[in-house]
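The data blocks that follow each hold one structure.
Next, two complexes with subunit A in common: one pairs it with subunit B, the other with subunit C.
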Partner chain A sequence: MSERRPFHRPQPRHWWAHKPYLAYTVRELSGVAVAVYGAILLAGLICLWRGPEAYAVYRRILSSDAAFAVHLVLLAAMLWHVLTWFQILPKTMPKLILRGRPVPQRQVTAIALLVAMVCSAALLVVVVAIGVTS
Partner chain B sequence: MRPTILHHPAPKRSVAPVFWLLFGAGGMLSALFGPALIILTGFMLPHGWGVPANFSDFPHVLAFVRHPIGKLVVLAVIALFFWHGAERLFLTLKDMRAGPPLLLRLMTYGVAALLTLVTIALLLAIGF
Partner chain C sequence: MSDATIPSKSIELRVLRYRPASDREPVLVSYRVAYSDDMSVLQALQSIKDTQDGSLSFRWSCRMAVCGSCGMMINGEPKLACNTFVRDLAPDAVIIEPLQNFPIERDLVVTVGDFVKKIESIYPYIIPKVAKPVEDGAHLQTPAQMAAYESFSDCINCMLCYAACPQFGANPDFIGPGAMALLQRYNGDSRDGGRQFRLDQIHGEDGVWACTAVGICSEVCPKQVDPANAVNQNKTNSALDFFLHYVQPRSQP
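Our next item is the complex of A and B:
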């Protein structure tokens, strides 16, 4: 028999649904929304593989109001993921030192967010440009 | 008195870095291009906003997915997004003490692995 009886601080069952842990839970679930979006794309791939009829059904569903609403929610979650992802970035990467001075974490986040915006905007511009020229 | 020599056994190798790498890659890919992808496939392509109406036609999309680069893009987006979500869901459910870790791993990493294989199989079945 072990003599060790360490003290366990009591923890409410639904601790993750309350402040200050709620922010953590929401951040983690925004990552799950990323996977949900992946599932929507996978469903499209399955329909594409099955043939034109199945793909037509997929297109009809995707142009429905319900799909529009789902994508709005997913977009909001994705934007939250982008923001929190780059807030974490300076905490996980090695300390950045420029000319003998540490770069503040907020600045790293701001620059990374700018890069992300440029990436996303560039992708949309490229697709629209292909559409215009074709 | 003789000095005590402590023999440390080699640390056990962990597979965790593999999952972290996939999680990080998916997180970065979605952080950089995720919003544009959702706007593109969720709003612009289905409604023909800003792109020609025939852009999401069956032959067009099939041609994209048959191209090797298109295949790579589709695989990277779908698989890495799943691995990212799986890691986050696993850690959250573990912290919530939602069940035994092995079951949680199967429900998250297991599903991500399975869907990655399904995606690869579909891309190969669709052909080049």
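Our next item is the complex of A and C:
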């Protein structure tokens, strides 16, 4: 007679709050920060659409200390999101083979980060230039 | 015999034991083992089995990180017992448990049946792109073509990646990192023509889409196979295939 009686151990309930999974949890939460910032921008657009008074209220709220603090936190989360996004990038693409050898994943991340920084800086220059000339 | 091989120190191993005939649930049992600097956790377990309790059960074979049999949780991390050294864990007590996310058969032995079925489901062999009689010679491949899949062929089926994967823990039907690494080993091979058959196995929530790119599977892999890369690049392939199937006719396996 078989004595088989496999025991099913449950997954730890708070696995996401412990190492090594905590980094993953923080990475995913930084995505929520990106969504929140998107919602703030969308609210600005809606206020702009509703008229000058609504937009003035939106600008007054944004110039408060609390809004400044929130934006600092969102900026930090956004930067973390960018960094971790490009850390995952090489995991999501086929191996790059150059001269018969796979390109190291760290190199893919570094190049993508560099491109993102150059694009962000260029965008900033364009926005400032438009602001100065208008 | 050099000094390094003479057991001079001792360490406590707390092993999660489960004897289905007598235990209602697994219990931690403590053993003290004399160890030398060159002793692996596997050797420590063998020493317990030889001198303290012959009923302690665990899988092992090659003792050199090739066979993939001795995967277990060592202080909460999935590791091969044969290439984890006691000296790196001393002097604290070491907790040894069977691989997380798998049903326990007995002590450190887990059920592998579902994993083997997953491996079988993805056509784990080359399906030649073009039929070629033996007298016409070998199917040739350039070093660059080989580099595209080579690391995925290093998988030793140790299942550490499954023990590290919280999504497999939540959904045991998830095809999982190991089987996906093997799938990519064949789909990435320039001689293979079975890509479509394999892709058909990995659509849906039990396929690649159960993965949320946690990525710890690749970190615990003792062979640097990078199964996270295998799973995640096939999300793109699965999505592309979904749209292409409207415009391309399909053949059956």
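Just so we're on the same page, the second predicted complex is superposed on the first by the 123 of 134 C-alpha atoms of A that agree within 3 Å, B and C clash if a C-alpha of one lies under 4 Å from a C-alpha of the other, contacts with A are read in each partner's own complex, and residues count from 1 in each chain.
In the analysis below, a residue touches a chain if its C-beta (ideal position, glycine included) is under 8 Å from a C-beta of that chain, and two chains touch if they have at least 3 such contacts.
Here the structure is a predicted model, which is why all the values come from computation and not from measurement.
Q: Would you sort A:Met93 into first (subunit B), second (subunit C), both or neither based on which partner it touches?
A: Touch status of A:Met93: second partner only.
Q: Touch test for A:Ser63: subunit B only (first), subunit C only (second), both, or neither?
A: first
Q: More residues of subunit A are touched by which chain, subunit B or subunit C?
A: B
Q: Which partner does A:Pro102 reach: the first (subunit B), the second (subunit C), both, or neither?
A: second
Q: Pick one for A:Ser120: touches subunit B only (first), subunit C only (second), both, or neither.
A: After superposing on A, A:Ser120 lies in contact with subunit B but is clear of subunit C.
Q: Does the superposition put A:Trp16 against subunit B (first), subunit C (second), both, or neither?
A: both
Q: Tell me the contact category for A:His8 with respect to subunit B and subunit C: first, second, both or neither.
A: second
Q: Is there a shared patch on subunit A that both subunit B and subunit C touch, and which residues make it up?
A: 16, 28
Q: Could you list, by residue number, the parts of subunit C that touch subunit A in their complex?
A: 18, 20-21, 25-26, 98, 100-101, 103-105, 111, 142-144, 147-148, 151, 166, 169-170, 188, 212-216, 218-219, 226, 228-229, 232-233, 235-236
Q: Can you list the subunit A residues touching subunit B in their complex?
A: Residues of subunit A touching subunit B: 16, 25, 28-29, 31-42, 44-46, 48-49, 52, 55-56, 59, 62-63, 67-68, 70-71, 74-75, 78-79, 81-82, 85-86, 115-116, 119-121, 123-124, 127-128, 131, 134.
Q: In the complex formed with subunit C, which residues of subunit A make contact?
A: Listed in rising order, the residues are 3-9, 11, 15-16, 20-21, 24, 28, 88, 90-95, 97, 99-102.
Q: For the complex, which residues does subunit B have touching subunit A?
A: Touch residues, subunit B against subunit A: 26-28, 30-47, 50-52, 55-56, 58, 61-62, 65, 74, 77-79, 81-82, 84-89, 91-92, 95-96, 112, 115, 118-119, 122-123, 125-126.
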